[in-house]
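Several structures are given next for inspection.
Here subunit A shows up in two complexes: once beside subunit B, once beside subunit C.
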Partner chain A sequence: MLSSSEIKHIAGLAKLRLSAEEVQGLGADLSRVLDYIALLDGVAVDETVAKQDTDPQTRADVPSAGLDVEAFLNNAPKDLDRFLLVPAIK
Partner chain B sequence: MNLEPVIGLEVHVQLATESKIFCGCPNAFGGEPNSRICAVCLGYPGTLPVLNRAAVDQAVRLSLSLDATINQRSVFARKNYFYPDLPKGYQISQFDLPLAEWGTLPLSDGSALSITRLHLEEDAGKLLHEMPGGGELPGESLVDFNRCGVPLLEIVTEPDLRSAGSAQDALQRLHQVLRFTGTSDGNMEEGSFRCDANVSLRPVGREAYGEKVEVKNLNSFRNVARSILHEIERQTLVLESGQLVVQETRSFDASNGTTASLRSKEEAHDYRYFPEPDLPPLLIDDARLQSLAGALPERPWARADRLRSEFGLTGDDAHLLTQSVELAEYFEEATKCLPENPLGIANWIKTEVLRELKRPDAPPAANWLAPAKLAGLVGMIDNGSLSGSGAKEVFAEIWESHEDPHRATERLGLAQVNDEGQLEAWLQQALKANRGPTEQLLAGEHRVVAFLVGQVMKLSQGSADPRWIRERLLEWSRANGAP
Partner chain C sequence: MKPSIRAIAEDVRSGTRSAVDTLDESLVQIERSDPTVRAFVRHHAPAHSIAESIDRRVANGEDPGPLAGVPVALKDNLALENEALSCCSKILYGYVSPFSATAVERLVAAGAVPVGHTNMDEFGMGSSCENSAFFATRNPWDRDRVPGGSSGGSAAAVAASCVPVALGSDTGGSIRQPAALCGVVGLKPTYGRVSRYGLVAFASSLDQIGPITRNVEDAAVVLGVLAGEDPRDATSSSEPVGDYLSGIDQGIEGLRIGVIKQFEDAEQMAGLAPSVRSNWAATTAMLTEAGAQVVEVDLPSVHAAIATYYVLANSEASANLARFDGIRYGHRAQTRTLNDLYEQSRSEGMGPEVKRRILLGTFALSSGYYDAYYGKACAVAGQLTAELSAAFEHCDVVMTPTSPTSAFRIGERTADPLAMYLSDVFTTVASLSGLPALAVPSGLDDEGLPMSVQVVGQRFDEGRVLRCGHAIESQLGTLVLPKISAAALEIDP
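Right, the complex of A and B next:
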């Protein structure tokens, strides 16, 4: 079970402000998620990693066209002169 | 209390590639904001990074240049933090298993600095806190993702430096290595070579390190030294007043030479590193490692050694001419045009060329006077068609205009006549026209020599070599009975 201070620490890193109830509820939820993921500890994955090792996916150093700035900024809440506009960081 | 500084460096080097590390966006500087972006470097859902082989090659080259041990299996890791310059919410870096470890950087004083690790990672985007033209931007910041995903090699040294001067030297040597190996353009103004310094103090003789301060925002070699000097002074005052140094990150302010706190350890990031599931481990097999090692460009110290043995330069001159790869190339190119006098060329570069390059408005290497033209100028002194002082005048004239040295010499009327028949004729004419002084010369009165040389120079309209005339006059007088 995750402690409430662990939950608050993780929330802080994710820049989330949680109420006392949310800390309680998320503590229980996250602990269940972690317990479920811990099932992987019992699975042998070495072979999968070994297969990947022999097949590295890399690319040649060739530039290619990317995304149009309009397409990108259409997904942004705010923009200015081709820049993404965000709240100032202190 | 006798305190000693303990200094280590962290350097981020942008690698010279055509495209970014995990996508095909061009790796370049400048241009319109957000003009080199794609779904991968913006971290759109469903996209996958694919590693650029050239970024790995450049990183391996630079690591090998520093005699580091390459880990033939290294692993990418996610470094998690939230910041608007990082669209994915994590940076792909390396953590437990970096690309290379334990390198060595030779320093100018003959010692060597140990390099702890070298790892590959992607650069973040860029935040602007005011308008590009300088206008205010209250409460908001601008984000440009062009730099996002540019390949970086982070180089971390051991905390073995003990002075600001040696830290500056280490950085300059490191910069020299990457320029000579062509692994980065090393442009500090454009952020291709960025440095942080870790500074702490401890009583002399104590092994344990003191609380360290990380100084960021160091954009020139000089500022690295200034910031370290300031930190040493500041931390000394703190410790001597009986207080403790706070472990924190500080930013250097070049306008007043001081540092100010950015964030203390309590707020320090918890990056929650874990292996990057989207990328397989990076494997470098023996064949690839050997081919990269075999084709490693000459390192600056090796080049200095070769200049000494191949051209007979002194150690100091070889060091001077290898301070930058451009200068070393310049010397060797000029030497190819005048193979019979490499030392003359070295002398001209050391004095005239370096004097020009020290000016604040010195041109970039692409706009230097062509090495062939410098060689042409030195060749004219060697064959007597131009005096040393005339050559300096011609050099000053052509350094910026790039005029051909022969043409400039003609145009300025500085051509020296080295046709001995013509010189002899002027000399005899001067002797005949000046009976009195000629008698005096034959009587052994050497004080008239200068006068007679002047007369010959007048007849030649300044094109004779006064040293030759002087010697010839004395020779003539002795042949005609002068004591």
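Right, the complex of A and C next:
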């Protein structure tokens, strides 16, 4: 069972702010799922096998047009002169 | 609507019926059924002008392509240029996509007409379509039941005869399970077969786009359009694209069908609904009668598939969903500092299941736990893949039921996330190994709800998977889809 402080620590890493109710509810759910996942401990793995490589394809190194800046900024919550506006880093 | 995509496109290509009339028929059916089914979250205003341009091309003697005038629905995680895209999450409210997904571009280039985006579990996280920020979609066969998920809106749109094809995405079963619960066909192609450019990522080592259709032949036609290499997705494969229709009706004489020993044992079968169990036995018996050879294959690690899947998928999701931070698009909370903005925007914009999964993934990747969870899950996925490769030395395809139960009631599993995860018992195996898998209807249970079997093939062996699915469909027949009126859902067998 994960403690409240452990849940809050994980939430901080995930940049989520949880209410006290969520810490309790999601924490209980998470503990239950982790209990289930513990069955992985008992699975014997042959270390000589590896997941099949999917061999990603590389494309030719030729410059091509990317997304238009104006089109990108149309979705920005706040922008000024082609820059995104964000609050201060504190 | 004509019974096959080829027939619909042939009518439009020959000028027998206009693309506009074909679209109107689809829109009338949406208007009739969607107040109760609620498969769609958004309709596309440009659909009519696209249909008109197809008709103009036909009038000018041009061929608009193999999907000429075919209305298609898109899961709400597939980008269509200048249309909203939300993954049914509050955090993407207001987002308008500046580009189209490659899969969508290919459909449109082949003459298809996108009519709307369909409902889904938020970011693909769920097996019931109840985790949508909009509303729950209802199963056209019984409006008190779920359509499955996460591509539940796409499966319901096809089952409600709104469109002959809808695109879905499948990470652990999200095309196949809703197709099964809605009595339609769902194909998850081989990992790399279809470009994911423009698909909002959930778990990048597993995600794959595929069609949900009324029959197997239609799935083959659409796969032929979708498949192929794309320089914008480095994981898309240069493996040649086959002619998936060629030989699809050859039958299964001599085909070796593997059934998984561990799924056949009494305890495992006890987890299946009795009707699914007897349907599975009848289907394998029917295949033997049709000339196939059913052989038992051994997958000693298969019991760990769901646990492996939930560690890998959620670890990747916790990284992929880090981009939704309120900075560049979507919902932004009003805060005074940057860290508050990240935390508040994400907490307001994401639903409980998404938070649950991000927390699980973050935990599995965190210092001190990485090797025990993520590392171990990667190793078990490799082990499972090796076991499947060994199994394919004894068989040509592997078959299982698609879902352990038929459609369950709305709300029945929402309080128990683990019970919901266990819905994916049969589908996660093919996902973890990147194999193609097809869900094919296999009959109705005592309550008149669809059941389904799954055919899994070797990498890029979609042709054989579709041939096997076609044989099952030929033997059992396609299900007669429910007839739906605006006032109430009426099942009309």
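What to note about this one:
In this text, the second predicted complex is superposed on the first by the 65 of 90 C-alpha atoms of A that agree within 3 Å, B and C clash if a C-alpha of one lies under 4 Å from a C-alpha of the other, contacts with A are read in each partner's own complex, and residues count from 1 in each chain.
One rule holds in what follows: contacts are C-beta pairs under 8 Å (C-beta built on N, C-alpha and C of every residue); 3 or more make two chains touch, one makes a residue touch a chain.
Keep in mind it's a predicted model, so treat the numbers as computed, not measured.
Contacts of A:83 after superposition on the shared chain: subunit B is touched, whereas subunit C is not. Counting residues of subunit A touched by each partner, subunit B versus subunit C, the larger count belongs to C.
In the superposition on chain A, A:7 contacts subunit C only, with no contact to subunit B.
After overlaying the two complexes on the shared chain, residue contacts for A:15 are found with subunit B and with subunit C alike. With both structures placed on the common chain, the touch criterion links A:32 to subunit C but leaves subunit B unconnected. In the superposition on chain A, contact of A:61 is made with subunit B only, not with subunit C.
Contact with subunit C, but none with subunit B, is seen for A:40 once the two complexes are overlaid on the shared chain.
Looking at the shared chain after the overlay, A:23 reaches neither subunit B nor subunit C.
With both structures placed on the common chain, the touch criterion links A:72 to subunit B and to subunit C. The interface of subunit A with subunit B overlaps its interface with subunit C at residues 13-15, 49, 52, 56-60, 67, 72, 78, 84, 86-89. Those residues of subunit A lying in contact with subunit C across their complex are 2, 7, 10-11, 13-18, 22, 25-26, 29-30, 32-34, 36-37, 39-41, 43-47, 49-52, 54, 56-60, 67-68, 71-72, 74-78, 84, 86-90. Interface residues of subunit B, counted against subunit A in their complex, comprise 17-19, 23-27, 32-39, 41-42, 50-56, 73, 80-84, 127-129, 132, 137-145, 269-270, 272, 279-283. Interface residues of subunit A, counted against subunit B in their complex, comprise 9, 13-15, 49, 52-53, 55-67, 69, 72-73, 78, 80-89. Looking at the complex, you find that subunit C touches subunit A at residues 94-96, 98-99, 191-192, 229, 231, 234-238, 300-301, 303-304, 307-308, 310-311, 318, 322, 325-332, 335-344, 346-347, 350, 352, 355-356, 358-360, 362-363, 366, 372-373, 376-383, 385-386, 389, 417-418, 421, 433-434, 459.
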